[in-house]
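Attaching a single structure in structure tokens format; questions to follow.
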Amino acid sequence: MKINSSEIKWHLLFIILVLLLIYPLLFSLSTSFKTMSEAFQSSSLIPADPTFSAYDRVFTTINFVQILSNTFIIAALVTIFKLVTSVFAAYAFVFFHFKGKTALYFLLISTIFIPFTVTMIPNYITLSKVGFVDSIYGVALPQLADATGIFLLRQYMKGIPMSLMEVAELERASHLTRLRTIVVPLIRPAILSIGIIFFINSWNEYVWPAIMIKSEVNYTLSLALQMFVSSEGGTDVPVAMAVATLTMLLPLGLYAVCQKFIIGTFAQSGIKG
Amino acid sequence: MKHLMKWLCLLLASVMTFALAGCGGGSAPKEATKENGKTVVTFWHVYTKNFGAPVIKQMVDDFNKSQDKILVKEVYNPDMYPGLMKNLQADVASGKAPSIAMIGYNYLDYFNENFQYVSPEELAKKDTKDPDYLSKTFLPNVLGLAKTGDTQVGLPFSISAPLLFYNPDLFTAAGLDPQAAPKTWQEVQDYAKKIHDATGEYGFYMQEYQDNWATQGLLTSNGAVILDENKKAAFASKESEEAYQLYADMVLKDQSALHIAADEGIASFYSGKVGMLLGTSAKIGTITQSSSFNVMACPFPAFGDKKVEIPAGGNFLAVTAQSEEEQQAAWEFIKFIMQPKYLAAWTINTGYLPPRQDVVNEPSVQEAIAKTPALKVAFDELPSLTPWVAFPGDVGVKAEKMFADMRDRILSGEAPATALKETQDELNQLLK
Amino acid sequence: MYSIEFKNVIKRFGKNEVIKGLNLSIRKGERLILLGSSGCGKSTILRMISGLETISSGELYLNGKLANDMDPGDRGIGMVFQNYALFPHMTVEKNIAYGLRIHRIPEKEIADRVKKAVTILNLDGLEQRLPRELSGGQRQRVALARALVKQADFFLLDEPLSNLDAQLRGKARKELVRIHEMYGQTMIYVTHDQIEAMTVGQRIAVINDGRIQMLDTPHEVYRRPANLFVAKFIGSPSMNVFDGQTAAGTMRLNDTALPLTPGWAEKVGTAGAEKLLAGVRPEDITLTAEPEEGAVPVTVQYHEDYGSRVGYYFTINGEEVISIMRDDVLQGCRQAYWKPNPGALHFFDAATERNIGYPEEAAE
Amino acid sequence: MKSADDQSAYRRRERRLAFLFVLPSLAVFILFMFYPLLYTLYLSFFKWNMVSPKMKFVALDNYVNLLTDPVTVTIAENTLLYIVILVLFNFLLPYVLAFVNTFLMKKGKYIYKTLLFSSSLIALVVGAILFQWIFNPVSGPVGAIADAVGVALPAWSKTPGLVILVISLVAVYKAFGYNFLILLSGMNSVPEELIEAAKLEKAPNSNIFTKIVVPLTSSTAVYILIMTIVQGLQYVFTPIKVLTQGGPNDASSNIIYQGYDYAFTFYETGMSAALAIITMLIFLVLLYLEFRFVEKGVYYEN
């Protein structure tokens, strides 16, 4: 693959950028195989005497399976509800015509602009009133809808030719049928890609679970990291890196499997002007 | 559009009324929570898997097995004492509270003023088995750590002492004798300079957390007073200025001391890039594991021949249970874990000093002291421990941050006198 | 009883009136063409029948029932869209059977109907293909099959052949007529292509500016255009029109006065129009190299060779006129002579642009 | 004449169904977004520490205290610096690189968007710990390189300005890949031939970018710009909390972290609420921008 000279400099630039972005991931991986003292001695990427002691400590001291399933349940719940509510809302904003549609749309979109410092205290108090604090469902509950989802899915739904919907109209297909048989199948790649983004964001979420979750049995992966970080007693760095690496496994796996998919969807039609 | 808006406001109004009715602080005490017949005691602590949690788990399991009336559940709170206070705050806001909470000494006043709790004295009086448990087991100065005015808020559980760790290899490289550890801050400055000049590494680093713990030791050991009798800030004195000037000179003039965030500074000590580290005895375990050199330690340096006065770090146990039955159960559990056997395990695993005198002659503790000399240094510092100054009421939470900010201002070049004066005035303004 | 009737229907998009007072009656089973250039409103009329466009005012009757507010799904419409509107994610079979499955028609019957449509439109073997795997022609036939399989009363086609290339279009036209005769539905066909209109339509409605200019058989529309617009629109190259300069039974062409036939003289006289425009179709003009009695001398300025035919350009009363002849009699540009054939003349009132009609003997 | 009520009956049925479709999202937003907004507005007029049963009504005191407090000036400056750095690294850089990747590179250019996206998968709390480690000027890899080169690096965690740069890099690390990908997709709406034509006239790349590419990709770009600010300021919260807790001397705190600090460190719920409302007002400006640019094209197209 001959790359002509003028492009060399761009390729170099991108390669440096990729190395800069990949290095921390490799650093985390390599440290997770080092002993406590070696972690502090050298920052070389190849551990002198690699050991599984960090992973062993992770699996023995914390109930890793429970934490993994908590994280998965929250992420799955949040993703499914966000997708369902977003698909229905986006459908309404594209295929229905009613007075006040624009106002309602911007009312929903404005939630993107509400910082979490506004929502954290009131939601905490509301959820504690109904006994949802320190429960994974309490973490998921306020996140069952997402304006970014509505915004993005609306873009993709706009790409569906109107004539296809008119065919359905001529068959007196109900809106639910149109959604099921035409709209959803046509934008399935977009739904899955946005779904994966929702899943990964919820999987990695730290701030809201940190406020809501108290007992270890409800911990998520991001919180599990804290169980090895103590300003008083010091940090077990290799274990922190092991947890970090394990946290990355599923997102990386998902991404590797659906990467063509995600990149394709976002790259192909993005946000149309 | 009108129709839509009308409907929306209606919904919002109804939601608001439902929420407002509910908010506004805790509710009346309710009876103890039960679980298959046992009284549940929730024990909030701040210890991580690599530091203290295994011992806590051991204590809780042993206690639960030792009787069948009470079931203790331990709950870990991240971010140490501020983290636990945040959770306590939030829980009380929603009408709940743990049975026992581990409160940092510097939150003593804030806790006392804002939270409902039962004093250990009261619990001891009601406990027919040994009513004078307190005076029998604890030294007055230890009890003093968790006392404000004359109310005993809780029972001291962990006591950490600030001590000076050092790297013998860097000492020898700079021509210093590792056995002759520095005794005074003047010697520390001198040693630091020698290490820096000889090896190019940093000579000294003091842990820089968002609190005034280590720096309080620096100031009070030179005779400064943080909070005077009528609860007014009085630390902007010549003694404080002198102490901070020495520290600032090491950082700015000699460039022998490192001024950096805590985690990075301590990591630098582990990797042999810093000669001396002023840290907490609580880190003895992690420091020995993480350093590749043979870590040595010596007591908190003095200013000339002045008496060393250093704050005790750590926490006390407060009984925040709201029902009578739960309070009794909590008291049982506290007495159980305050047995020498458990306090010994606690000291060995965490490097904290035990709140009871008699724990030091436990065989396991003697053995640990022999193995890690740093532990011995910590025990030697017990007599010179004084309470970690807790500013009264809501000011308590702000004071720590203001002291940390003051430290950062001085160590980045601001004259100690002005920084001290401004911070003192600000604090006194808040105390009015 | 008409199967589709428009009664002074008006359609507005915002303030702009797209259909201005439409009155149209379509007989059952008829093949009617809505012909006009783009933007004339022909698609809007089709969409109003299907219910995809609302009616601003006036009434639409389907099979005698008032249909203004009838839901598109209840109108019994099978429609072929210009871009075929095939579902990209469904196989050919699923596309064709989509409507039937919505109406929960028993699978057995669905299979039969689909089988029949597939064979008629020779789509055999393509049932499991996806639209993107088909050629333009095949896709068009799938769209047709989907509309037909409904066996609905009305069969609406919105420029169905415009995306096909020339040869395919010819074949597709014949198929459309064949299928219509087989299924016998009322077929409304929208196109801007007059050849399609002439070959497919039993009747053609020439539309311009939201109004029907003429509604009649292809032959009448070509032979007896109701007004100047229809005259010019039908036929390509379009009809030559120039100032007839008629006076007292004569027509003056480039200062040569030619006598009108008695029929025309009488017609022109009684037309009561201040000024008349004369029209002749290019293929009705024969030029001769030699002068002839009653012929007008013309100078041919420009000459085009279309292979099977030749075009000569000259001017009559200041207007450019073109003559199309089979063979190149003039061998290039030069002086020529034109003897107008009275049977091929058309006269329009310059003011109203309406055709003044034809004398009896000329209507052969 | 057509029956007016038939038509409006159809309209009403259509409208009710549309509302049913929007209701799930709307209900969640009302309960967990709009109600908190109103409740925060309500709280911003009180002095309360979330514990004591009494809430003192102080009217606009919180707002006055906030606006007169010198710390707020630092916070505002910090927030601006965060925005500048975030816009520079998370908007301008990926925007230019997307242009370069699409139009100035021919072969082998698709692999980069895949690789660059991988860093968006990381959890911010992990990113924070990693960056604290890697950027340790004394014992981290960066420190080692500096020693090798013989440069004495300042302690970024104690240097105002530098601390914001390093913390922002954590947010850049998280968002860069994603933004690059979306901006890359925006490039699809620029017809290839336009660029070819400009190249024929030897137009410099910078000119092609500003005159042709920017106008045609404006709505995607504005979307990313807005997200970079709104999301960026909230992304940096985690590294601030984990690494510096706003220190040294508030030099790394921003409008979002300070709101958290007031609520959960100083237990001044009123001040936190007031700051949150001010943040909301600033973000509303961005909402208007979103409407003016991003929605304009898209909205009228259907």
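By letter and in written order, the chains are A, B, C and D; residue numbering begins at 1 in each of them.
The rule is short, and it goes like this: contacts are C-beta pairs under 8 Å (C-beta built on N, C-alpha and C of every residue); 3 or more make two chains touch, one makes a residue touch a chain.
Worth saying up front: this structure is predicted, and the values here are computed from it rather than measured.
J.: Among the chains, which is located farthest from chain C on the basis of C-alpha centroids?
T.: Here the answer is chain B, farthest from chain C.
J.: Looking at contacts between chains, which pair has the highest count of C-beta pairs?
T.: Going pair by pair, the biggest contact count turns up for A-D.
J.: Roughly how far is chain A from chain B, going centre to centre by Cα mean, in whole Å?
T.: Centre separation, chain A to chain B: 37 Å.
J.: I'd like to verify one number: the distance from the centre of chain B to the centre of chain C, where each centre is the average of its C-alpha atoms, in whole angstrom.
T.: 93
J.: In whole angstrom, how far does the Cα centroid of chain C sit from the Cα centroid of chain D?
T.: The mean C-alpha positions of chain C and chain D differ by 58 Å.
J.: When the C-alpha atoms of chain A and chain C are each averaged to a single point, how far apart are the two points in Å?
T.: Chain centres of chain A and chain C, defined by C-alpha means, are spaced 58 Å apart.
J.: Where in chain C do residues touch two or more other chains at once?
T.: 71
J.: Among the residues of chain B, pick out those that touch two or more other chains and give their numbers.
T.: Where chain B meets two or more other chains at a single residue, that happens at 8, 19, 90, 93, 263, 267, 270-271.
J.: Which positions in chain D are in touch with at least two other chains?
T.: 31, 34-35, 39, 50, 133, 139-140, 264
J.: Give every residue of chain D touching chain A within the complex, in rising order.
T.: 11, 14-15, 17-19, 21-22, 24-26, 28-29, 31-37, 39-40, 43, 50, 97, 100-101, 104-109, 112-127, 129-131, 133-134, 139-141, 144, 173, 176-178, 181-182, 184-186, 188-189, 216-220, 223, 230, 233-234, 237-238, 241, 256, 259-260, 263-264, 269, 272-273, 275-277, 279-280, 283-284, 286-287, 290-291, 294, 297-299, 301-302
J.: Looking at the complex, which residues from chain C come into contact with chain A?
T.: Interface residues on the chain C side: 50-52, 71-74, 77-79, 81-83, 85, 87-90, 98-99, 102-103, 146.
J.: Quick one: in the complex, what on chain B touches chain A?
T.: 1, 3-5, 8, 19, 22-23, 46-54, 73, 75-80, 87, 90-91, 93-96, 160, 209, 262-263, 266-267, 270-272, 280, 282-283, 285-287, 289-292, 313, 350
J.: Write out the stretch or stretches of chain B touching chain D in their complex.
T.: 8, 11-12, 15-16, 19-20, 24-26, 82, 86, 89-90, 92-93, 114-115, 202, 208, 210, 258-261, 263-265, 267-268, 270-271, 273-274, 394, 397-398, 401, 404-405, 408-409, 411-412
J.: With touch defined as at the start, can you tell me which chain A residues reach chain B in the complex?
T.: Residue list for chain A touching chain B: 36-41, 57, 61-62, 99-100, 103-104, 107, 122, 124-126, 128-129, 133, 210-211, 214-216, 223, 226-237, 239.
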